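Could you have a look at this structure, given as structure tokens, before my questions?
Labels run A, B, C and D following the written order; every chain starts at residue 1.
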Amino acid sequence: MNGPGEPTKRTEDGRLLRQSADSGTVMIETRGVSKHYGPFVALADITITLKAGEMVSIVGPNGAGKTTLVNVLTGLLRTTTGQVLFKGHDIAGIGPVRLARLGMARSFQLVHIFPELTVEETIAVAEIARAGKAGRLWASVRGDDAIHARVREVAAIFGLDTKLDRPARVLSQGDKKLLDIASAFALAPEVILLDEPTSGISTGDKHGIMKTLVEAARTANVKAIILVEHDMDLVAEYSDRIIALQEGRILADLPPTQFFADPAIVAAVVGMKPVRHA
Amino acid sequence: MDLGRRKAIKTIGTAGVVAATLPILGFPAIAQNRPLRVGIIAPKAGIAGTIGECGLQGTLFAVEKINAAGGIAGRMVELVIEEETNPKDSIERLRKLVLQDKVDCVQGIVSSGVSLAMGPAAEEMKALTIYWDGTTQDGVDETMAKPRYVFRSTDNECEAVMASLLVVKHWKGKFKTIAGINPDYSYGRNNWAAFQALLKKFGIEFTVVAEQWPKVGTLDLTSHVAALKAAKPDMIFSSLLFADLPVFMRTAHSAGLMEGTRFAFPAAGFQHTALKKEFTPEGMIFGHNTLYFDHPQANALQKEFVAYYHNKTKDYPHWEADRAYFAMQAYKAGVEKAQKAKNAWPSIEEIAAAMEGVKVDSLGGPGRMREDHIAEQTFYQGITTHKNKYDFPTLGVVDTMYSDQLQKPPGANFWKWIETAQIKL
Amino acid sequence: MAAFINILLGGVFHAAVLFLVAAGLQIVFGVQKIVNLACGSFYALGAYFGVTTVTWALKAGLPPFLFLPVLIASGVVLAVIGPVIERLLRTVYDRDESFQLLLTFALVLMFQDIMRYFWGANPQQLGNLVMVYGKVGAGGVDLPVYNVLVIAGSIAIALILGGFLQRTRYGRILRATAENRAMTEALGVDVRRINVVVFTLGTVLGTVGGAFVVPTSAASLDMAVELVVEAFAVVVIGGLGSMRGALAGALVVGLMRAAAIALYAELELLSIYLVVILVLILRPSGLFGKPAE
Amino acid sequence: MTPRLTTLVIVGLVALVGSAPLWATPYHITLMIPAMAYGIALLGLNLLFGYAGLLSFGHAMFVGIGAYTTAVFTSKLGIRSFELVLVASAVAAALFAIPIGLLTVRYVRIFFGMLTLAFGMLFHSFLFKFYHLTGGDSGMRVVRPTLLGQDTQELDKIAFLTGPFFLYVLALLVILGLVMLRIVHSPFGLHLKALRENARKAEYLGVTVRRFRLAAFVISAIYCSIGGVILAVPTGIADPELAYWTHSGNLIFMTLLGGFTNFFGPILGAFSFILLQDQLMSATQYWRFFLGVVLALIVILFPRGLMGILESLMARFSRGRS
């Protein structure tokens, strides 16, 4: 793990994620997606792509449609029009479980943990699902060394390996957040969607968490990451591309340098909700 | 809750042992040195709680009289009282009485469901058990073929038979259409079926225009009454017997169901004091079963009991008290007969054998325990009148029948017996 | 025709009774999110206490036609148990709702014996007092005035409650609390007080309902456990927490039952549960409830 | 408590109960039969409540199914083999539980409770109404079964109950307890706990929430029906009261009394409840009131039940030592 404060080292080609043979192939694609709630248009004509090897941020003021987009991208919501494809499968409304099986995981803005489960058990839940062992009524979790090994491995990446037998509810806020994310990583997803992974975390720790995340993604061979974030510093630091939403439409879809070079866009995104700069 | 209340609950709670109160004098040499323990299982709560409480008064009266006269074959009687609830828990209480309290005899039981379950359990435990009530012919044949230890109350619904006979006797030719409103359980079903079978037997042409089956304890019968009224029956037969009976009667009265309709209510005696004159008509056939508290020719025993009961409860007793008294006296007669024959304290088997055929003068009149362990008792029904000193109707005409006219003989099938029996009206 | 109207009126009357049992359940669930299994016990308590009070008042010389106000007053007096029980429930507000449900189940057990302790096992009733107000009707339709009063009373209570919740400031606060407790608390509303008020209101609806209906019926020991199941059916059909739902649910159950009794009496009870299950499958939030989850 | 110590304590307790015929009165031995029957039923119920987080107010239905299956087999079909009855009741329970579960596990919390209550009451009214099929309120007779093919007619009922039947039921409790222990420690069991704690999160981690709730529902139904089979034998009858909603309430009461957060809590709860009810019924006619008081105290003061009290006592003890 890198120490807090220093930026994450990018790979030689300037990318955040490790590049592999299939880098550049399309992982997620939306085609003209819109979502209406009665007369209210939450999303209109969203067409975006996420390629392997990319880390893309979705930004926008509150009410811009970020949550709806996240729910569409994670297969929770059906679209009103348009398609959402993940690795070529239409995933609109398929639900979280099948999404996880297809290879996409997510973390949550508000910490989602299993309060009474230990760190070890929490990560094991994902590992069991990943390994397809969930239907085993007659096996023992405790006696399964493969599960243990994987759980320790994942926990170690997030620095949780010393807290394996602690119930999640007693963890610090930062550790809870990490556990939430760690369990998503334990699914060994190809794509992971991180919904404000640093919300509720003190500014000083935010970079630490992001670094851990990118590090973990590299270790776990995550092919692409979607980051939903408010903090523009983090967005600037941890994106290959930034997609800005405004009133349910795409305002911009640009690399960070170009994004921040356009004061109008920055004002539109930042101006509506002041962002604390570190 | 303050201490005073807690104490009150403890004293009022009749559970536990009601000890013999009288000084023990001149024990016969053969008496054992401990009192005779009689376990009582009777409902206290729920819909049948009121029935159990009345029965218990009959038992207490019997025990007070027995103990005052020196006990049963010289041994005082003490009671251990348990609550009858559902079949499972009631059988557990039976086991407790037999195995833990080591009672000499168990009496009680009101519900037919519990009685059916308890019969085999008591037989298998060799527990001398005398039912107050609660048996119907359903299932009796297979579960209790030849009981050795269990003694049952009258075994088919004698009151339904008697009410049907009275309907024939008093109203033959006066009705064509009939309707029934009976509680939705085996008792109600059997009553209604027996009534129709008897009408057929006596060649009465009738049409059933409505049948209602309210769940026991239904307290809003407006729709049922409306449906009955719509069917315009000449006569209504009903074996309602719990809190729903006064509710029915009041609703029927206010809906004008009574005008032009005759009522035959074989089991109304359970609620006799709750059926007020204002809404209970004269001229209905009303069953008091084995105890009619206001019988003009009542014996001294009944008069004494009615006074005893009224003094304790400010109410007038119904037949469950008689059943309970009968059970206790039948036991006493059996023990004393067996004891006399053996001239030593008899075994349970000897007592049970001795009880077969014993005759007992119960509160309501003479009774007998048949050889097949089924009681014979005297039944009272009649036609209601308002000419009395009470706020509820009593019987103007009292019909009295002994149960040999009303229940099937040993081993017979009830429905076959109805077809073939020589019944005098 | 007269027969049909009689049966219909029977159904409406039963609906009115059920609404009175269910109304308290609804308001408590609506605001406090507690399913009160003891609502039937409050109703039974109101019935018993009403019989005792009126009997005593009549003995003390009350003219019979004045019994109704005394009866209602006796139900209102029982409001005193509301805050006491609310105090008990307060201990589990922050727990899982199963605990709240179980605590009210404990109350059901206790109330059964409390009532038996005071009133014994004999059912209690008010003789024919119900007919003091006479009856109305023509052409074969007969209806005691008191039944009309019960139906009118239910409608009045529904309207007053509805008006109170919709039109008054306090009612709006209650609804706001139902929507978002934390938010109302943040706005400076004393939620503790609201809990006491709402639970007491729910209790009084039950006790007054029980007292109000008892002249047409009787108070008996098992009514509490029997009624709560019917009340459940009503609120599930109408939608948990909704007053309009309670009214609609009561009407559905009342009329269903009347129809079953008139057409095929064997289906009386079964039909109610079948409707409940049907509603839960097709429209799980009930006719007027908000969707759950 | 270390796992080894736990194992020792459990083995000790099983041996203690198993040797009851040597030291307990026949009455107390017969009391232990319903306690063990409820213990089995509650192990199942607690898989649903304690592990999957679903509070059912209708599981008395499955106890009823077990009892009625026993009645149908032993008295109507004349099949008295207890093992066959157990299998049949498990099958019957599953046949009922699958469609009911499919409909009910879509809901959680209070809605699940109400829906299961409605199904329970539907079943109760079916038992009550379909008089010709079920015997209505009188119920159906249960004839003494044969155990492992052995007919025990030469024993009287108490000897049968306190002898072979008692040991048989204890063995069943141990076996079904071990099976359940295995289940809760399986990957499946862990997923149940996860979906109880946070169903949304669990789904995103690939937990098939509804399917596993259904599985837990069916397993719990099977355990409850086996409990019902055992209850029916000493009673000698299957009656509709077994399926009434207050019986479901009692099942939850017992679970809570023992402590639903501990695997062994429900078994302790079943034994304590039976003992408590027996003592209260003997002591006062107002036993329902005091049962209510006990339940209220448990809910308010000791939500983790007797096991919770034991655990904190033990924690205090070991802290005191170290």
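Couple of notes before you dig in:
To be clear about the criterion, contacts are C-beta pairs under 8 Å (C-beta built on N, C-alpha and C of every residue); 3 or more make two chains touch, one makes a residue touch a chain.
These numbers were taken from a predicted model, which means no experiment stands behind them.
Excluding chain D, the assembly's touch network divides into A | B, C. Central chain by Cα centroid: D, whose mean Cα position is closest to the mean of all protein Cα atoms. When chain centres are set by their Cα atoms, the one at the greatest distance from chain B is A.
With centres taken as mean Cα positions, chain D sits 37 Å from chain B.
For this pair, chain A with chain C, the centres built from the Cα atoms lie 50 Å apart. Put simply, the C-alpha centre of chain C and that of chain D have 33 angstrom between them.
Centre-to-centre, using mean CA coordinates, chain A is 44 Å away from chain D. The multi-chain contact residues of chain B, meaning those touching 2 or more other chains, are 9, 12, 44-45, 215. Under the contact definition stated at the top, the residues of chain C that touch 2 or more other chains are 112-113, 116-117, 266, 269. Shared contact sites, meaning residues of chain D that touch two or more other chains, fall at 128-129, 286-288. If you check each pair of chains against the touch rule, the ones that pass are A-D, B-C, B-D, C-D. Within the complex, the chain C residues that touch chain B are 3-4, 6-7, 9-11, 13-14, 17, 112-113, 116-117, 120-123, 125, 127-128, 130-131, 135, 142-144, 147, 216-218, 220-223, 226, 257-258, 261-262, 265-266, 268-269. Residues 35, 37, 88, 91-92, 95, 97-99, 101-103, 105-114, 116-117, 225, 229, 232-233, 236, 240, 266, 269-270, 273-274, 276-277, 280-281, 284, 292-293 of chain C are the ones that touch chain D when the two sit in their complex. Taken in their complex, chain D has these residues touching chain A: 182-183, 185-191, 193-194, 197-198, 200-209, 212, 215. Only residues 25-27, 30-31, 34, 75, 128-129, 131, 135-139, 141, 156-158, 231, 234-237, 239, 241-242, 277-278, 281-288 of chain D touch chain B when the two sit together in their complex.
Those residues of chain B that touch chain C in the shared complex are 9, 12, 43-47, 49-50, 52-53, 211-215, 217, 219-220, 222-227, 229-230, 242-243, 246-247, 250-251, 253-256, 274, 276, 278-279, 315, 391.
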